[in-house]
Amino acid sequence: MIWIVDILLLTIVVICAIGAIYVKDLLSSAILLGAYSFLMCLLWTEMGAVDVAFTEAAVGAGISTAFFIGAIYQTTRRTKD
Amino acid sequence: MIRLIEDLHIQFVCRIMVPLIQFFALYVIAHGHYSPGGGFQGGCILGASFILMMIAYDIEYVKKRFPEKFNTFMVAFGVFLYAAIGALCLILGAEYLNYGILHKILPADPVKVRALGTLGIEIGVGITVSAVMLSIFLNLSTFGKHEKSEV
Amino acid sequence: MKVLALIIVILTGSLLIYSSLDMPDWGDPNSPASTHVSPRYIEKTIEETATPNAVTSVLADYRGYDTLGETVVIFTAAVVCILLLRRFEDDKTH
Amino acid sequence: MEIITSAKPLFAILVSLIATILIIITGEKARNLREAWTIIASIVKFTIVASMLPDILNGRVIEYTLLAITSELVLQFKVDAIGIFFAFTASFLWIITSLYSIGYMRGLNEHAQTRYFAYFAIAMSATMGVAFSANIFTAFLFYEIITVSTFPLVAHKETPEAIKGARKYLVYLLGTSVAFQLTAIIITYNVAGNLNFLTNGVFHDNISHNLITLTFLLYIAGITKAAIMPLHSWLPAAMVAPTPVSALLHAVAVVKTGVFMIVRVVLYIFGIDILKSLDLGTVLAYIASFTIIAASVIALRQDNLKLRLAYSTVSQLSYVVLGVALLSPSGVMGSIMHIVAHAFGKITLFFTAGAIYVATHKTNISQLDGIGRQMPFTMGAFTVGALSMIGIPPFAGFLSKWYLTFGALESDQLIVLAVLAVSTILNACYFMPIVYAAFFKEPKIDKHNLHETLDKRTLKEAPAIMVIALVLTAIGTILIFFFPSLFLQLAQIVVTNTTGGY
Amino acid sequence: MNLSEHSSILIVVVPLIASFLNVFIGLWRRSLCYPLFLLALVICGFLSIDLIQNIINNGTIRYKLGGWMPPWGIEYVVDHLNAYVILIVSFISLLVAIYSKRSLEKELEESKLPYFYSTYLLLVTGLLGITVTGDIFNLFVFLEIASLAGYALIAIGENRSVLASFNYIIMGTIGACFYLLGVGYIYIITGSLNMLDIAQLLPKLYESKVTLAAFAFLVVGVAIKIALFPLHRWLPDAYTYAPSAVSVLASATMTKVGIYVLIRISFTIFEPNFSKDIIPAGTILVWWSTIAIIFGSILALGQIDFKRTLSYILIAEVGYMVLGVNLGNKEGFIGAVLHILNDALMIACLFMVTGGIYYYLKSRNIEDFVGLNKKMPLSMASFSIVALSMIGIPPTAGFFSKWYLIIGAIKAEQWIAVIALLFSSLVNAIIFFRILEKIYFKKGNSTKDINVKEVPVSMLIPILILATSVILVGLFSGKIISSIIQFTVPGGF
Amino acid sequence: MEIIIGKYNYWIYIALMMIGFYAMIAKRNLVKKIVGMNIFQTAIILYFISTAYKKNATIPILIKSQEVIDVTQYVNPLPHVLMLTAIVVMVSTFGVALAVIVMLYKKYKTLEEDEIIEILREKK
């Protein structure tokens, strides 16, 4: 029954993606993007792509989020859409 | 940024964690042949450890240990190492990046030497990636003014 | 603008869905992608490169040049960030 | 037909290019030297052209391939009878125009004289290029060089009006040549696979007639330099140029290049047979007839002397087109003869217009009353030119009209005959009043400017060098009538080769 | 070790290593950066000449990177088309390098020069890498190197350049992602990434929907990168506000390499009959590019800023090349490939002259060009030559490519395309003669041009070289076609 | 039904990609565009990883002692390698885009595209 887990994960991924786009606070958006990346990572591990998942964990969920937050501190959290 | 909060707890945890993270990063780089990982992942983790240091302490703290010029040098050096290993193969008479030819100068048979060559470039990638991550983060979060710790 | 964007997105999406119908099933071990080039990487990785991790051997050896390109990409990103953001003239005044 | 390979045509073209460089180097510092280059170049060029005459008269053809840019686009020169006919006329008149230009430029103390002489030389070089082209591609290349190099000459005065005129000039000439002529050439290449000028045309028999008709019309619309209506209005607009430019370029080089190209296209790209079978000659003849009459009528209404001459040019150019459109031996003969007859006649007229302007700063016909007494030589030459235009013996214009009339009879085009008759009358109508006013009318008493009115009774000619030039061309007009054998021989070779007549 | 055996890889590695060294040396002594930068590009130039000679004498070169047999390893395949584009790219980038020395002085702070040179070299590396490779994924990697460098070089310009650069990032990423998706689709049905290998595997899959989608994504991805008409929105701002040297390089090389990729996709990865017979892609692209030509020309007419005018002209010129490639006959193809060279020379020269005018005049407004011929005669002479070439007047280079394009269009019976080509020639004539008239005949009365004089020698030399080569290339286009271009024509034509 | 279940990974990747694509072209906020870009690229990576997957296969790290290698037991390593490169490209583009955004913010003090265009228009 692994595909049920799979579908559950995929659903959450989609929700995270939509959330990252629709929240009105860029910091939340950054965190949601991190979560999105992390869940993606799980999916890929499950598909046997450990190297890619490892990288995505380091980059997508880690470094990217750090960059994002660094940039937001230089700019603004405010957004209209 | 940088120095969001001057919290002793965080600094203490950091002091313990950073060496561990860095050690793990080196392991990941070196052990890429046998387990998931490699230069890029390891480099990322190494870079993340510096970023962690920067967040926990101060930008000056990192810059003292890791001067900007040195960092920039490392950015170019890692990838230069990579390209130079490729060029070394070329000079020894094989195609570019054909590590097999390195057995002329390294004490191993052509197949083993390929693994050594792989290790060499993984190290190069690791150096570059860690330095790049630090450099980009530094520039992004301070808007290029490395001295001021403004938020 | 938003309507136009939506139309473009839907068009692209329907092209993708339409083309997915002809794709090999997900996880099919006999799809061309799994049978044409990649078997050699798995079969010969130890024999030819002494690296059990096939991903590393492909990454750094079989397709090592791609990885050089990849490293250059990230090097480019660093140089670009320095070029765009770093303000050296402030160093001098301090 | 014997073919000689010789670089002479190339030299004839290069001479004035070298002169251009020398002129630019010499510049304003040494005026005499600069103008000496112009004169030397024009004489050398004429000598080279003349030296090729004997061979051509003996029925030979000179060929020279400069560069094969691609296998089908070849820069190649071929000197045949019609080419040398045109080149001979143009290079001879360049000598006289050079003299005249010097007088005109110095007389008015114009600005940017170096530029003027330099571009003039380039334009002449390109005119030779068109005359000696062996294929339509080479001809097109030089055709465009003429357009571009004469643009600064037309805009010479740099006044807003001059720039406006020059812009119109450029839009018409460049626009149509790129849009229509180039298309026509490309279609020709595509259909016939050959761009060389051949005596019986390049098209095969099995090509769709509609396509040939289309190509023909594109050519006619594309060669705007021939000033066929309705694409003629650049020519009056270009009259803002200094008079020597109008004289040489808009009576000889540019417009003659246009009609020369049309003759080339009609005789050597399409060939008489195809045009006859498709009845396209008649179409062209009607267009030309319309232009002749309409332009003459417009000329009647012009008060500005140069404008009247310009419309007269439009009308006269169509004689050449008409002649060749008749597709009969005499028609072609008349058409070719008219190139030289009109060149000498019209250049004289323009020269006189310039001389009047330099001497009295008058541009309008209504101001010319009684000017004949003041400038007898100039107005005498004007009369000669005008009579030649009308076609009265013993002037060159008579010869060509004679042949044209024969041509019309040969091809049973009575309408054309009528057109010739009417246009002769119209010519007389717009030229004779000027002559009459100049010699027989009393100068109008201008109360505001009494001094000048009195001036008119005394002799006050333009600078001598200009008068010499215009008298020379006037004499030339007469000489051609009495000793036409050289031109007739050349024209005959062309006619024999292309139509089989004579 | 025989160097010329390795010239196909060296041409990429030399600028790459030079870009690292530039960063090193920049930390230590800044004055050495420029000589190193120039040296690398000179070597590149020599290598490209060596390469093309090698190709002409010995035919296609295949170079196995890392010693692995394709399709397992990455392969470099250099045939006449690559070598030709490589020659153009390295030649132009060398000239721009010479040009950039003085023009940058006023547009960039000195401390950033090492990074600028480094980025510049990376851009060249990327473009050369795209051109030389025979592997579709490797192409993507180098495409990204070139794009990233391009984004940055544009962003350091003045005024709105940063926003332009951002738009470029967005559009460029969409383009690159579409390309990557196309690669993925090709990979899933063939299992290979090597172009020649794919070319053998694909024909039996032509009926598959995946093939169709792969082709569509590859072509649209590249179309964004080369700014084919409705996807061109990023280009005018980007090229207008970038530093002069960057505009020259980007306009003259990036779109050309994009066209090269398009040719590779349509005729090497896919067989010519795929876009001709199986799906009507050729016809669609012909119509698409016809629209691009017409709209590019019309939009160019309405601009005041001359760099912007040139950008729109460039969009029309891209239309020319896409048109020629897709006409489906030999003449059209030859015209397009010849136009790659001609357009690179012409656009580079025009952008250089504009930069030169901006150098002293501080304006690119066409209205301010009044009377410039007295101040900078040599630049303006070059400008005039190139203007004639843009209009398509023989014997300049522009005529010959247009000649072949029109013949190709007539043979393909695309009359609208013929009209579009002529129309754009006429529009060019209007644009350029309007400017020439200002330069040569209008009396200068503006106070701005007091300090204007001829551009510095190091900027003038590239301009003159380009203007001369416009004429020389025109006169020898037959030779170029017979020795190089005719071998690039794909089989089915 | 079989189509839907047999390829559900593909459907999800298409959905994600379209979400990202929409954000890239329709969102006014520049950072949101970048977020969209990230989602878009990650979706492509998901697609590639999906192509590499084989049912009942394990990660492509071989055990040395094994004598006979059965290819179907290991997932396809090639797309993984490609995607490693793609991730690096992604993060590089991300970094550069953020750098440009920071520059834009310092210049215009806003991150909304329409506000920036408004400012530019006023300048004229």
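Note that the chains take the letters A, B, C, D, E and F in the order they are written out, and that residue 1 is the start of every chain.
Everything that follows uses one rule, which is that a residue touches a chain if its C-beta (ideal position, glycine included) is under 8 Å from a C-beta of that chain, and two chains touch if they have at least 3 such contacts.
Fair warning: this is a prediction, and the values are worked out from it, not measured in the lab.
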Fill in: Set of chains adjacent to chain A and to chain D
none
Worksheet item: Count the touching C-beta pairs: is D-E or A-F ahead?
Response: A-F
Item to complete: Could you please state the distance in Å, as a whole number, between where the Cα atoms of chain A are centred and where those of chain B are centred?
Response: 24
Fill in: Chain centre separation (chain B, chain E; CA means) in Å
36
Discussion item. With centres defined as the mean C-alpha position, give me the chain C-chain F separation in Å.
Written reply: 10
Practice prompt. Can you check how far apart chain D and chain F are, centre to centre, with Cα atoms defining each centre and the answer in Å?
Written response: 70
Response to the item:
Expected list for chain D, residues touching two or more other chains, is none
Discussion item. At least two partner chains per residue is the criterion; list those residues in chain E.
Written reply: 16, 20, 23, 65-66, 137, 141, 144, 148, 151-152, 155, 187-188, 193
Response to the item:
Touching two or more other chains in chain B are residues 34-36, 38, 40, 72, 75-76, 79, 83, 86, 96-97, 99, 136, 139-140, 143
Worksheet item: Any idea which chain B residues touch chain A in the complex?
Response: 1, 36-38, 40-41, 44-45, 47-48, 51, 133, 136-137, 140-143, 151
Discussion item. Using the touch definition from the top, list the residues of chain C that touch chain B in their complex.
Written reply: 47-53, 55-57, 59-61, 64-65, 67-68, 70-72, 74-75, 77-79, 81-82, 84-87, 90-91, 94
Fill in: Parts of chain D lying in touch with chain E, wherever the complex brings them together
67-71, 73, 75, 137, 140-141, 144-145, 148, 151-152, 155, 158, 162-163, 166-167, 170-171, 174-175, 178-179, 182-183, 186-187, 189-190
Practice prompt. Name, in rising order, each residue of chain F that touches chain A in their complex.
Written response: 5, 8-9, 12, 15-16, 19-20, 22-23, 27-29, 31-32, 35-36, 38-39, 42, 45-46, 49-50, 52-54, 57-61, 75, 79-80, 83-84, 87-88, 90-91, 94-95, 98, 101-102, 105-106, 110-112
Worksheet item: Across the complex, what residues on chain C touch chain F?
Response: 1-2, 5-6, 8-10, 12-13, 16-17, 20-21, 23, 25-29, 31, 33-34, 37-39, 41-43, 45-46, 52-55, 58-59, 63, 66-67, 69-71, 73-74, 76-77, 80-81, 84-85
